[in-house]
Structures are given as structure tokens and as C-alpha cells.
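The next part holds the structures, each set out as C-alpha cells.
Below are two complexes that have subunit A in common, paired first with subunit B and then with subunit C.
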Partner chain A sequence: MEDIEHFEKEIQLVDGTGRRLDGRALDELRPIKIEAGVLKRADGSAYLEWGDNRVLAAVYGPREAHPRHLQNPSRALVQCRYNMAPFSVSDRKRPGPDRRSVEISKVTSEAFSAVVFTEQFPRTSVDIFIEVLQADAGTRCAGITAASVALADAGIPMRDLVVACASGKIAGQVALDLDKEEDNFGDADCPMAIVPRTGEIVLLQMDGHLTEDEFDRATKYSMDAAMRIYELQKDALRRRYAVRALEEERAEPGVIQ
Partner chain B sequence: MDSSAPPKRQLVIPGEPIDARGLKPGEGTFVEDGKVFASQLGIRAEHQGYVDVIPIGGRYIPRTDDEVVGQVVDIGPSHWLIDIASPYPAPLHATESPWRVEFGETSRFLEVGDAVLVKVFNVDETKRVQVTMRDRGLRRLTGGQIVEISHSKVPRIIGKGGSMISMVKQYTKTQAFVGQNGRIWIDGEVGDIVNAVRAIHMIDEHAQALGLTEAVEAFLEGIYGKRGA
Partner chain C sequence: MSNEVIADLMREHIVKLVQSGRRVDGRGLEETRKLTIEKNYIKTAEGSARVKLGSTDVLVGVKISTGTPYPDTPNSGVLTTSVELIPMASPTFESGPPRPEAIELARVVDRGIRETKTVDMEKLVITPGEKVWVLFIDIHALDYDGNLFDAASYGTLSALSCATLPGKMVGGVDQQLPVDHWPVSVTAAKIRDKIVFDPHLDEERVADARLTVATDENGDIRAMQKGLSGSFSYDEVRYVISTARRLGNGIREIVKA
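Let's turn to the complex of A and B:
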């Protein structure tokens, strides 16, 4: 097989005018589409398209935590399973949890533990399932963004929605939201999950190296992007429920007699 | 109400600031830096000096004095474990049953799978729930059927002052009990139960529809003819 790891230099990730391979500017996101409440059996769900990423998130709970020794008498557990479909990548992915997906599941559940009012549901667990149907770099961010909408859809009390977005370094320049080529041939990738209302960071990882200045720049890019994605999340929830709320307002005189 | 008032029914999203206008923060809200925010997806409402968020979804969380329809899922020598469609199983102690139960004789009174009408009489801070059958009307449910809907739609099923459910009962000549946990028990002739269940599903699906009471009445009239005829 071709050694793509050391194939670099020949690909020019950013052209002279600061445009990237797919025509984006350095601080531009890929197109994002979110839909809330797409699954019937789960308590809450969301479907998200982020560039070529396709992610489905489902939430159950709060429900009785099993096995019972995991139960916490003072708060709820937030458990997460991140999973990639075998057909989500070009070389078939061997199904089942691997080192990477176990790690992503762990950091995701920790990110959500920071915003869910876990103390309201002692001894229970809130279970988040993230299924990556198609991957094109940035799936953990896509998964967190989708799961956050699914949590709200499930009626779980939270301090705020969580938004995740990655920034990185390609061709020596800081850029927002890397796609697959940029992730493979770039210099660094730094996913972040943000609580937009307070600006808190609930997930921060980095692959590669950034200088302090570059990191600050990347953080700013992600923060700004998070605010835009936050609006999309809220919009998805509104679209799902606004119609009903409107009808309810009109229905009132008819129902009360 | 002045013109600056927010729309009467406003959809709020977790983390969204709520216009509290001097009201106290109520259910489904939280306070940070003196400001009120929604903690749940729901509809903003004002009630007795509090600003609340009425949740759209979410699980049933038991509260003291709720009357619920439960199902026996396990038996101990001096208690039954009742599933009340919430994240927490509710033990019913033998002394809280209407019978004189000797130690180890619990299964003579209630078996696994039996449906019961119980009342939540205590919920502590770790959400340990206790239920009782020692109150008026609480009993083992025999015959009939149980339908399950979202607990947030229970008020619609009951209707203002019980108007909706009593209408369904009147037309279909069935007995029914709506538990706060979203479980509804219906008993009567098989055909009538089926119609009552259809009416309930109709209310459940169109919980926010315009003129729901009339629609349900028209549906029932179509089957049974005019009321009292």
C-alpha cells in the first residue's frame, strides 16, 4: 500500500490567496445541517451533516443505571458510546470499539457531564449513542454537536447546549474545521467543545504541535465558529417544536371551554 | 399585560435566558449571576409568582401525592417492587398495602405482572420512592387494558376539570384512570376499550391541535351517536 503518511509536500493545502482545497477561507466552516427528533424509539435524537460527515445521535434516559454498582447515589452518570459504522471510511472499518472510539466516548461523556444537571437524577444514567455513518475528519466534534441537540430533544436538563469545533494548522497556517485531506496532510488538529453561553471549554485535545500564538488563534476561530453552530442547533430544535408550540397557542381557546 | 410582555407560549431551549420580570425562578429553570435561564426544552409559563419551563419531553419523575398506575416487577418477603414508568423503581411495603400480609406471604396478594393503582407517598432527596395503597380508590387493577403515553400529555388527556377523560368515559361506557406517570387504565367491553384507546391516541397525537375536544367528541359521536341518545 502507498505510504500516505510521508506523501507530503506535493499537496498544496492553501493557495496563494488563502483559499483551501475545497475553496474555503481559513476561518470558514463546512456547511452544517442539523435535524432534531429523527428517531422514534429513542427519548431524544438528532441527525447532523457537517461537510461530508454524517452523524446520528440518540439519547436515552435518565434511566436506572446498570450494572448497579455504577450507580452514584448523589448524581446521574452520563455515559456515551461513540461508534463508527464499518462503511463510514474508505477502507472498511473493523466493527466494534477500538482504542480511538473508547477514548472519544470517554471525553464526550466527560464534556456532557459538565453541563447536564446530573444532581437532579441520582442513581440514574443518561446514555448517549453517537453513530458515525460517514466520516470526513472532525467526527468527534460532529458527534458532540449532534448529541447535544439529542439531549435537549430528550428533555434532559442542561446548563446549556455544547458545541464542538476543531481548528488546526495546515500549510503552516491556522485554519478552522479541517476536512479529511487537511487532517491527513496538515500539521495539527485541535478539537474543542465549548459551552457557548459561558465560553467554558469542556473538551480540549490536540494532535500535532501549535505555538502559543497559533493556539490562541485556533481557539478564537473555534469560539467564533461555535457561536454560529450554536444558532444552527437552536434553530434545529425550534423547527422541530415551534410548529407545535404555535398550534398550542391557537388551540387553547378550543380546548378550554 | 403590557406590550413588552413576551409571547404567552414561548419555546425555550436549555441555556436560553428567560425573561423573569421580577418573578421567582420555578421549575425547569436555574439562576446564574442573578439571571434566569431555562434548563430544559419546553414552554415558558408563569404560575403563582414563578416563571417555569413546562417540559416538552423527558421522563416521569415521581412526586409526593401523585397517583400512578404501576406494575409489579419483583416480590420480596415483605414488599413488592413496582415499576411506575420512571427511572426509579418504587417499593410497596406490605404495611402500605390494604391487606394484612404475613412475612413471606406477599405473593398471595400481588403477583409479578399485576397492575396496581398506587400513590407516591414519599420521595427523598436521593429520589428513593415509596408508594402506598392505603388510600381511597387505590387497589389492584383487574381486567381492562393499560395504555402508555408521555407523562407531559397527561393534563391534556384529563382536560380542564377532567372534562376530556370523563367525556371519553361517558361515550364509551368504560371505566378509566389516568396516572400521573402517563399510564392509563381502561376497563369495559372489549369493543368500547378499543374505541377509548383510539380516542386517547388521538388526544396524544394531536395534543396541541385546534379544537381537540370537538374533534374527539365528533370521533366518538361517529361511533356511538349523540351523547345520551
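Let's turn to the complex of A and C:
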């Protein structure tokens, strides 16, 4: 009896009142926590929790681009490496890049190339590293959102932060920010990355099945959510710079930290 | 390279300080950095721990599944240890196949677990000769500020000590992974004629020789590994061993907690 109930609950992704399995409304995000400046060696870094996703992002650069033949005499390269830790998923992932992470790395690099003032740093490379420590669907959006804070923490000049968020379709209804369960049993997933100040979309992917109306609604959900996440990003940076100002005040001259 | 100029200045500074019994970060020569351990950090792993030794930050995940034993050890579980020195952790780490440093580190940690019978591999047999438990230890360096050996070793021991054997996979019940010994490694670095413990990155860079000593709960020596091109006298080795044992006792309490 219990088993049957469990099964029914599992396939009923949205109940009669529009609540989802974890109690969220259709346009509700999972809880998000962002912290900037969490790594010592990196020029900029950020840690982000998004539901059960845990992601670290680090930025190095602008530094000499390697391999050298990739150097662009008129602008900086923005290079991203998205990587999942072997223990971040339920079946151990073999270490190293696979086709999926290569693709995500590429579209992420392209998204950030759109906002970084690359012409200020010819021949260099801005290297972004995204490590997924624990995955629960939506890791690319979590990674991009974190990487954007890490870029700002590194002091890389940008037109704006980038915010990423996904919407999709579950049980025939458009819903914001699918979790693992919803992603597995859902009908569509559509991650996008947005420049909040201009509303430009710098990353857009979609798989599954959406009507035009559904796509409009999904985009509205993601855009609205992006503005809320944008505030969290700025808040993380403000907290980071408050701490940094204190540290600098305290630092005694002559002591090398 | 600008990095090297800083290293030269730093080298003189560190050597001078050590001669008068002081260190750049204000520690005594035998003083280790603050150690914090967060066990069960990753939900998707059977066991995990995030270890911070000063600013050095390591995440260790243990994934456990079933598999076939090696033909030459039909009555023994399988243990595999990998280290990823991901480019996020340091400007000098690069992506790609593991470099000798990562392989040495993985092998030293692996031997520490295997040879000390920290986990008795013979207890990990499900059906002799056919089915055994397979343990993957993945060591993920997140921020490299020196002494990865000790951070990785504390992380591995902590992650094993909170790991669950997923007995449900084979129709049994989940149980705690049995951990029988608690070998704790302590690393010393020799700078000219002085020895410092738990070297941070700059000290590691100027060190002439390095010695890692793992001692167990009975005070016995369980593993040693010497590194770098310098040498130790017999008296120095004895001094490192007795200090490692003393420091190890304090660290073991933190790892066990």
C-alpha cells in the first residue's frame, strides 16, 4: 500500500493546487546561497549552493594565454572548464572531460565572452573553472551564476554580471528551476543565461517539447527569477568587499601575509 | 616571470625568519595550521569530507559499488585512489592527464590506507571470488596552499570513517564501513638546517627536503615518504618521527570527532 502511494506521488509532479514534490510553487526557485572570495590562490572565486547543487567557481587572469597559437592580438580569450567531481553524482563519474562537459564549457565561455571587456586585455586569457561538487539538476546554471560572481571578485571588467536559470515543463505545466526528479520525469528543460541590465540572453539551450506560449511563459519565469538571483549575487559581492576593506585596514605594514 | 621575483624575495625572508625560529605566518616551527573537517559534505557520495588545513582546501569523496575482485586476490575488496589537482586549485595546475605529483600523492595515500589495513579489504567480500565491494577514493584539491599530503590523508581517513556500505544494493542492510586503524600523517620540511612542520606553500617552495611520517594510535610508524632533492640526517629523521607522533595524537582526535 505504502509502495503504491509512493509511486503515485512520484509520478504526480504537480498536485491540484499547483504545488510541486518539494512544496514549491511553479514559479518558485530552490534556496540559493552565494559566497564570494572563498579560495586563496585564485584571483577570484565563489561558492554557490542552489537546492542540493554545490558548485565552486574560480577565475585566473587575465594571464598569458596557452597554448600560444590561441592568443588573439586584439582581445582576451575567455576560456571555461566545467567539470564534475567523480563523487558529485550517484553513479561515480569517470574523472576528466566527457562530451557533455566539453559542450557546457564551450557555451559557458561564449556566454561570458559577451560581457567581459576582452579588448582591454589583448593576447591574454581569462580562465574560468567550474567544479560541480554535488549535482542535483541545473548545474550549468549554478556554475554560470557562480562564475559570474568569481569574475567580479577577480576584478575582471564586465558590462554586467551574468545570471543563469532554467525553466522547463513538468506534468504538462511550465515550471521554474527543475530539480533532479523533475528533470528526470519532466517534458522539457530550457536553461538560459541573461544579462540583467539589458535583458540580453547570452546562453540558451532547450530540449524536450514546448509550445510557443509555453516558451514565453518559461522565459518570463526565468527572467523574473534572474532578477532575484542578481540581487543575491550583488549581495555576495558587497559582503565580500566589506570583509576585504576590514582586512586591509587591519593589515600591519611590513607583515607579509 | 613575475612569480619568480616574488619567490626570490620570499625565499630570503623565509630562510632568515626560520633561522631565528620564526615563520612567515607567525607559527612556531612545530606548530601546524588550523585543521577543520566537515564530514558527510557530499550527499551523492557514500562517504566524504572537506578538509581545510590553513588555506589548503581538499574535498575527498568515497564512492562504493560492487564489482569483481582481481583474479590474484579473490578474497579481497578493491580499493582505488585517485587525485585530481584541478586547475582551480592553483595557477600552476593544468587540466589533462594526472602529472607525477598527483600520482605520487595518490599512491602515498593509497599505501597509507592499504598497508595499514585501515580498512580491512578482506571484510569487503560479498561472494568470494565473484563479488566484492569496490571503493573509489577521489581526492579533489580545491585550493593549494601547501602540504597536500597531510590534507589529503586527513580527508581520506575522515571520509572513510563516515562512509556507508550500501548493503541494500545486494539485498542486505546499509552499514558503517569498518575502519580499524587511524594512521595520521604529519609532514615536515627542511629549510637549510631547520625543520618546520606542516609547511605552507612558500615554505614548501624554498624547502630542501620533505618528510612525511604516518603514525598510528599505538604510536607505531605506519608509512614514510621522503621528497625533494635535499637530505636528512638520522637525528633529524628521529626528531621528525617523534614530533610527528606527538602532533599526530592531537590531529587524530580531530579526525575521529
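Rule of thumb we're sticking to: the second predicted complex is superposed on the first by the 232 of 257 C-alpha atoms of A that agree within 3 Å, B and C clash if a C-alpha of one lies under 4 Å from a C-alpha of the other, contacts with A are read in each partner's own complex, and residues count from 1 in each chain.
Keep in mind that, in the parts below, contacts are C-beta pairs under 8 Å (C-beta built on N, C-alpha and C of every residue); 3 or more make two chains touch, one makes a residue touch a chain.
Owing to the predicted nature of the structure, the values given are computational and were not obtained by experimental measurement.
Q: Mind working out whether A:54 is in touch with subunit B, subunit C, both or neither, as first, second, both or neither?
A: Only subunit C; A:54 stays clear of subunit B.
Q: Using the superposition on chain A described above, determine whether A:90 touches subunit B (first), subunit C (second), both, or neither.
A: A:90 sits against subunit C, while subunit B stays out of touch.
Q: Now for A:155: first (subunit B), second (subunit C), both, or neither, which partner does it touch?
A: After superposing on A, A:155 lies in contact with subunit B but is clear of subunit C.
Q: Taking the superposition as given, does A:63 touch the first partner, subunit B, the second, subunit C, both, or neither?
A: After superposition on chain A, A:63 lies in contact with both partners, subunit B and subunit C.
Q: Go through the superposed model and pick first if A:121 touches only subunit B, second if only subunit C, both, or neither.
A: So A:121 only meets subunit B here.
Q: Applying the document's definition of touch, where does A:74 land relative to subunit B and subunit C: first, second, both, or neither?
A: A:74 sits against subunit B, while subunit C stays out of touch.
Q: Looking at A:99 after the superposition, I want to know if it touches subunit B, subunit C, both of them or none. Which is it: first, second, both, neither?
A: The answer is neither, since A:99 touches no partner chain.
Q: Need the overlap of the two footprints on subunit A, from subunit B and from subunit C, as residue ranges.
A: 63, 256-257
Q: Which bits of subunit C are touching subunit A when the two form their complex?
A: Result: residues 10, 13, 24-25, 41-45, 48, 55, 57, 59, 61-63, 65, 82, 84, 86-91, 95, 97, 136, 138, 140, 142-145 of subunit C touch subunit A.
Q: Which residues, counting only subunit A, touch subunit B once they are in their complex?
A: These residues of subunit A touch subunit B: 43-44, 61-64, 73-74, 117, 121-124, 152-161, 195-197, 234, 237-238, 241-242, 244-245, 247-251, 254-257.
Q: Which residues of subunit A touch subunit C in their complex?
A: My answer: residues 39-42, 45, 52, 54, 56, 58, 60, 63, 81, 83, 85-92, 95-97, 127, 129, 131, 133-135, 256-257.
Q: Touching residues of subunit B toward subunit A in the complex: what are they?
A: 7-11, 13-16, 28, 30, 32, 37, 39-43, 55-59, 61, 87-89, 125-127, 156, 159-160, 163, 207-214
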